[in-house]
Every structure is written in C-alpha cells, then in structure tokens.
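In what follows, a single structure is set out as structure tokens and then discussed.
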C-alpha cells in the first residue's frame, strides 16, 4: 500500500506512538518536542485526507486487513474529514503555545506525563472522528476521556481534583450509556459497523429496542457534549484545568461529541427513525434555548473568567444543538459551521486568558484591571474573540448566527430568530464586562513582570484571532465544506 | 510472628508456579481461553503477593517502580510496532498476514508478539497501580 | 400467565436492569466518594451482562473450530467486554487515585464535607 | 482612478491611515500629519466620484459572497454620495479641530483616539456606499464598535458608564431588531440588495410591512428615535471632537441615512404610501421632535442641550422618510447635510468654550462673548441654521419637509414643524445672547480667557461659512438628490 493509502491509520497511530514515546521520557522538553512534531504532522495528514474526500468521496481503511462489516473500518467522509481538520489544526496551534504555559503551571517531573496524556487525548479525539465502528468509538471515547480526567487533575488548584472526579463520574456514566445503546443496537442488528448499522436500522424501522438504543445514545452523548442541563461538569473542569488543557478541550472535546450526535442522529438512525419515533428535535430545541439563555445568564455573574467562558461554551453548544434540532439545510449548516467557528473563537479566548494566567497567575476578573495596556496584543485577541462570541458582523460568530436565523425563518419560526438574537445580547453583557475592565480600569498589577507573553504563545493566539475574522468573510473553507457535509447528512430527509 | 514464616515459605514456593501459570495462560491463548490480559494480571499478582508478604521495599528491589512504569508504554509500543511493521511491509495497520510469506503463520506470529506486548503493559500497569496506592498514606 | 412467562424468560435483562439501576442509585445517593466509585463499577458491570447474555447461544460451544460442532457461541461480545472491562478497571483506578489525592488535599472523602469548603477565588 | 477603484480606495484609505497612525505613535507630529493627509486623500477620493454620479453612473465594487444572502457589495447612488461627501468633508475639518482640542486639553492616549477615528470614518464610508442591507449592517456595527473606545476615551467611571449605555443601546437595537429585520427581508424577498422602488413590494403587505418598518426604524438605534435615544446624551462624556463626530459627521447621520435608504430602496415609497403602514412612524417622529426639544430646554449642560437638540433634529429626517413622497424624501435627505454642518459648528464652539474657559454649563456663559467673539458668532450662525432661518442652509430642508407634509395632507405635521422651530429658537438663541449681552456676575473673574487654539478656530470658521454657503448653493444638493431613483 502506498503512503497515501495508509494516511487514515497514520492519523491515529502517530499521536499514539508519540504518546508512548513521551511516556518513556523523563524530560518535559523532550516530550514537548515529540508532541510538537506529532501535532504539526496531524494537519498535514488531515489536509490531504480532506482534499481526497472532497474530490473522490469517502475513504475506507480496513484495519488489520479485515473487511467490514466484520473488521474495524476507518471511514473518512466529508463530515469526518472536516472534524479531523478542526482537531488537528487546533492541536497544532496549541502545542507551540503549550511549552511556556505548561512549564509555568505544571511541575517539572510531571511534564512528560502531561504531554503523554495530551497526545493520548488527541489520539482518542481523532480516532472518534475517523473510525467507522460503533464500539471502536467507545474505546476512543474512553481513551480521550481518561486522559482528559488526568489532564484536568493536573491543574494547580486543589479544586482541579474535585472537578476531575466530578467529570469522571459524569463522563463514565455518559460513556456507559453510550455502550448500553450500542449493545441494544448490536443485539437487534448483529453489527457494529456504522454503515452496516444504517442499512439494517432502516430495514427494521422504529422498533422499541431501536428507540431505546436511541434514547440511551442520546443521553450518553449529551453528557459528553455538555448539553444543558447535563453540563454541570464542564464549568469546573474548564475553570481549574491547566490553561493549555482548557483551550484544547474547549476547542475540540465537545465538538467531537457533537460529531457523534450528528453521526448517530442523521446517518446511523436516519432522519425517519429519529424524527418520527421520538420527539428529538423538540427536546433539542427546548434544551438548546434553555442553554443559550440559562448558561449565558450564569456566565454574567462569574468572577473567574475561565469559568465565565466555560458557561459561555455551554451556551454556544446550545447554538450548535439548535442547528441540529432545526434539521434543515440552513439551520444544520449553521450548527455544523459553528462547530469550527466556536472552536476558533473559544480557542483564541482561552489562550488569551492562559496568557494572562501565565503573567499574573490568576484568572479572576479584578486581576485583569487595566491589563490591556501591558498586554495589548493578547487583549486584542480576547476582544476579537469576544466580538465573535457576540456575533458581530465580519466575524465567524455572525456567519453561524446568520445561517441559524435563516434556518429558523425557513421553518417559519420567527420567534426562534428573536430568541437567537436576544441570547447573543446576553453575551454582550458578559464580554463587555471583561472588556471594560481590561481596557478602562487603572492597572492593578504594576510590576514589570506583567507584559506580553513570549512569541511562541502569542503567535498561535494571533493566528486564531485572525482566523475568526478571515473565516467571517471568506467562508468557502468553513461553511462551504459544512454545507457539503450537511447535504450528506440530510440525504435521507425527503 | 510465627504465622509469618509459613506465609513467607509458602509464597516463595508458589511464586515460580504463578509465573509458570501466567506463561501458560499467555501462550495457550492461541488454542484456548487465555492471553496477554490474563497472563499480565497473574504476573502482576505474583509481584503483589510478594510485596504483601515481604513488604513494599523488598518488592521494589525486585521490580523497581520505574521499571513498572516503563513497562506500561513499552508493552503498548511492542503492540503498536507490530502494527507499524505490518504497514511497512505493505499491509494495513495490524494486518499480520504480511509479516510472513505464509498468511496464517504470519497471523500467528503477529498475535503472539502483540500478546507479549499486552502482557508487558498489563503486568506493568497492575504493578504500578499497586505500588502507587500502597506507597501512600503511611 | 403469558405476561408472567414473558417476564421470566427475560430474566437476564431483569438482572441487568437491577444492577444498572442500583449502580446508578449508589452514584447519585451516596456522598462517599469511594462508594460512588463502587456504584459506578456496578453500573458498568451491568453492561457486561447486557452484552454477554445474548451472546450465549443455547447448545453452542466456545468458538474454536472443531469438526464435531456446528453451533458456536458468539465470541464478539466477549471480546468487546474484555475491552470494556479494561476500560472499567482503568476508570476505577483513576477514580480511586483521584480520591486518594482529594483525601490528601481536603482530609476527607465525604462530598458533604468537601463542598462547604470555600476556597478563596 | 476608475470608479470602482475609487470606492475601494475610499474604504481602504482610512484603514491604512489607522495603521500608519498606530505605527507613528511615538511621533505626535507625524501622527497628526498622517491623520490630516488621510482626511484630505479621503475627501479628494470621494469628491472625484461626484461628477460620475452627476453623469448618472452608479459604479459598483465588491460582490463578495460570504454565505447565501450574505454579500458584501458597494454601489454608489446619489444619497450615498451626499452622505459620503458630507462625512468625509466634515471629518477633515473635524481632524483639524481635534488636533487643536486634544493638544489644548493635553488628553492622554491620543494614538488610540486618532486610530479609532480613522477606522470609524472608514466604516462610515462603508455605510454610505453599501449596496445591500448586509453590507450596511456590517459597517454599521463596525462604526458602533470603533466609536465605543472614543466614547469611553476618558476612562473615568462616568465615561465607562456612558460607554456601556452607548454600546448596549446601539448593539442591542441593531442585534435584536435590525438583524432580524434584515434576515426577515432576505427570507421574504430572496435578496437584500437596494433597488429602486423597493424589494418588498408584492412580497409583504398589511401589518407585516408595519412590523418590518418598526424593526428597521427602532433597530437603527443610531437614528435615535424615542425611546432609543438615551445613548446620545450618555455619549456626551466623550471629548468634544468625538461628540462632533457622533452628532454631525458620522454616527447619527449613518442612522438616519440608513432609515432613509431602507425606506426608499427596501420598502419603496409607493408601498408605504399606498398601504399607509408607515403613518405611525410620522407620529413617532413628530413626538420625538417635540419631546426632545422640550427636554433640551431644561438642560443646563451645554453639550446635553445640544444632544437633545440632535435627537430632535434627527427625527426631521425620519419624518421626511416616513412621509414617503418625493418632497419629503428630498427634504429629509437635504437635512442630513444641513444639520451636519450646523450641528458640527455648534459642537466645535462648545468644545472651544471648554478648551478656552473650561465651562460646560449654559448658565456660566454670561459675558463670555466679549472674550470669545468669534466662537460665539459662529455659534449663532450654527444655531440659526439649525432653527431654519435664512440665510442659513437649514432653511431649505425645513422648507421641503413642510411642503412634503402638505402634500401628504398632514397639516398637523406642518404645525409640529413650526412649533419645533420656535422651540429651537427658545433653547439655542439664548446661548449666544447671554454670552454677548448679559453681564457676568461680579465675582466671576473671567480674566485670562481668550479664544481657543488656532486649529479649533479654523475649523469653526470653515463650518460656519459652510452653513451660509449651503443656503446660496443649495441647488447643487437639490440637483444631486433629484438623481435618486425613487421608483
């Protein structure tokens, strides 16, 4: 087989190898070097895969040479490739940033382990996006989750331990629900291959075990996705995890769960089962709206900015699930494109916060007073990210909002459009609060140590911030591909 | 303690048999129930038993904590390398058939190597878990 | 009567459901972190049963090719559950490790004693 | 320079200026030169397009599609031309004035100030040239955001609070009302491109027209129709050049310009006139005119009084749009220019008074006219123009508005316009009167007060002259606006 044919496997194996080698290292900087190399290779691979999928259709890779549906199949289609690209790009941006930040926040003897866990997490996330086997998804889900728990527990604050524990309980319940759902499906259909499952479920139709499986899967994935009100693990986990971890997780982990949601709702179960068997769209819409308002309102009252942004993430996930609930071309495109858009803006925001933590050592609002004068670039990144969260035209946030609103109106739900725009008004309040403090308050930390962060941290942030503007204007790479993925998902909808 | 003596002697006596049984389970995995997971746990049980009877320091003299920790990625690395070798030989990842010119024998060899990897990792993991819990809170 | 036999004939599922629900109940209702983990394990164990019991085929033998037998049990659920067990063990180990660390930091593993502790933001 | 290149240049020159301003932050003289050069270049670029518009051309540029319905396109038409000309011309004058003011008051963070100013004028050009609602909205929001740091420039508690109100009202109305209106329009009409005769005709009727009009009219918070006018007085904490920019050059003008443009090119005046669904807006505008004038009389703070005056004057333009007939549109559009020139003069004078004498209250001005005769003379000129008396430019716009009201058989509105003029006299003219003819209180030792810095005076002189010139050369405006394709 040529190298190009091996790419789907390499996408997952390279970070796995990287993780194993990192585990053998004792020096953090060596481990960082390996993680950096692997992270830079990832977008190259996923870029080639994406180009291949867009021009020639889905790629299938038979692991171990066993043909599906018996063997495990790695299957890259438009949606999967889109997600691979997202995860690997964020990973590649995070790694240069990570070194200094990790050196500041994690003790030297644990740094090699940190990079091991990071690469394992990357492996898991990429694996979920690439595999075409339902049980394999569970394995990768747990690989990424277990490493995530460890990463979160590495936070400096002792509450990081509690958050990791809390996440572990919730996450395991979620994953177990997922396996239960898969088990039910397996006992009904006798297959685990996603493509095969799709065919067989459409033969069976909405029978009771299938609907039960759907319910279990939906709840399980919703836990991972932090769908309101199953989000309680997320704010603490994001708030107390090391800054790098927060940025990475916020940009990727929940997105992968959304991918699973899309995969199961639209392709495995198919629109006919999901939308006729259970009131899935109605539930999703109601919960999404609750998330958009509830979580945003809570965000307004947070003093820890990481926590504030974490609640904002819950709200933004609401937008994504709203698009799923709309289930029409424009709405779903809005949801899918918001996956990548939200990853960009939240990545930028959390990296900016991480930079402040690097210099000031705190993420409390009052410690940000006047910091815009000492760290103007970092705070410009924060401001741009914030504008994107608000959905200002010219940023990626606006593109998502436009699609969602048009999707809502296409259904004739003008009230939903108003709710959508009204909820972004709440985000003006919490972002505006921070912006006022960083630019217009007198400087609190007058020490000379508070200045711009090293270039390796600054450049990734600036790149992401630029991306939030660039992809707000040229959307061929984001909305264009998302649109094609949506066409694929909606193929079953008559 | 007198009872202690009986424990010590018995342990010393059965340790080789535990290891032997582990290896049996390991290599019989081809033909019957068994394999690297079980063998790894049994191997670790040997170390753990030794540690319980003779104390943690004595056990760590035989199997240092660092070794146990190294075994974890090492075993997985053996596993993954077999897959990678298969890739280099032109097959898919973990396609053992290409390891030897004869497909089924290649499968056999591949599984054997992979199971050794599993043994190493599982034994290492179990021992490491035991060490880290036993070594705390004194 | 038909209903009764319907219920009894699915006894494996009833056991699964019992384990599942009691496991979840322990996770929700207990404040002790170790007990919660035990509940979580129980919950995961129920899944093993869910997979394994339909895999057994009446009159089937272990799936090792033998000219004397024609009916084999389905091996796949066992493989899957082996993986799930490993995952479960890893989760439990990690959970316990976290509890140990929490105990070191807070001096307790009771949730209702930890959560009132206010760290200064 | 070809026409479409000139359009793009008009957008890029201010941006380039902003970048250069930031780069030259260590050298104030270079920085101010950059500002002035940018202003001059921008004005010349815009002016170079005037002859084309008179020739009946409507050059286009852009055509960049972000998403279905999200298209960035620019097209020049007479109304946009007028607005761009007024804004770029006054910005140049305002820049001259800013330099005098900022240096005279030794303000801090001047680099950020000038940079934001340049970005804001660029956004204003974008609003003026926009060919569809989406482009308009994009630059409308950029304008809001780039002026926010200007409003909070002083970074005091009060400034931040003012900025908060400014941002919340402008962003809030635009996001919650304007954006849905745009999306709704897109879904109804399948496009958001401005077209002669409107794009909603036949697509919407009955109460839906009224709802959409309400979403647009209130959604454009910059037009300051009551009850969304609070941001204007709140923004008074900003330095005076900013106030001039907000009230005269760009921000409020962008608001009423957008209302005008939406009425003409989205609804179409025929749709509004035949369905009568725009009538309510007439009364809201009339009420705003009267109430704001009355509130202005009660304000002692000079800038606050001018702010409420602006609220009132803006509704003249809205009124003109809501009349939905040729004369009303003409009067309203003309008022954009007339009010801009008049109001900027008044603000420049207020700023000059603050710079020279540090006085902000009307009641403190007694006798100051002797010390600053030029400033107060200019103030009187601006005031007369706002009131609408000859020989100042403001006369003509009010004249056409009144004619439009007559044509629409809305005699009550004619009365409203008359009363409003009286109220204008009542709150504006006492200021120069008091300055010139009332003797200062005995203890008020106004020694040492002289005219403001020269840069300020030059700017004041230019705009005051313009007020007079516009009276005599109003036919140029008339001819330009006649080219507008209303149907």
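Note that the chains are named A, B, C and D in the order they appear, and that numbering of residues resets to 1 at the start of each chain.
The criterion applied here is as follows: contacts are C-beta pairs under 8 Å (C-beta built on N, C-alpha and C of every residue); 3 or more make two chains touch, one makes a residue touch a chain.
Everything numeric in this text was worked out from a predicted model, so none of it was measured.
Averaging the CA coordinates per chain and comparing them to the mean over all protein CA atoms picks out A as nearest. Compared on C-beta pairs in contact, A-B and B-C come out with A-B as the pair having more.
Distance between Cα centroids is largest for the pairing of chain C with D. Taking the mean of the C-alpha atoms as each chain's centre, chain B and chain D sit 79 Å apart.
The geometric centre of chain C is 69 Å away from that of chain D, both derived from CA atoms. Centre-to-centre separation between chain A and chain B, using Cα means, comes to 36 Å.
Chain B and chain C, compared by their mean Cα positions, are separated by 25 Å.
Within chain A, no positions touching two or more other chains are listed. The chain pairs satisfying the stated touch condition come to A-B, A-C, A-D, B-C. By the touch criterion stated above, chain A contacts chain D in their complex at residues 330, 387, 390-394, 399, 401-403, 405-406, 409-410, 414, 417-418, 421-422, 424-425, 428-429, 432, 436, 439-440, 472-475, 479.
Within the complex formed with chain A, the chain D residues making contact are 64, 66-70, 72, 134, 137-138, 141-142, 145, 149, 152, 155, 159-160, 163-164, 167-168, 171-172, 175-176, 179-180, 183-184, 186-187. If you check the complex, the residues on chain C that touch chain A are 20, 24, 27, 33, 36, 40, 43-44, 47, 50-51, 54, 76-77, 80, 83-84, 87, 90-91, 94-95, 98-99, 101-102, 105-106, 114, 119, 121. Interface residues of chain C facing chain B in the complex, by the touch rule stated above, are 62, 64, 82, 86, 93, 96-97, 100, 103-104. Listed in rising order, the residues of chain B touching chain C in the complex are 31-33, 37, 129, 132-133, 136-137.
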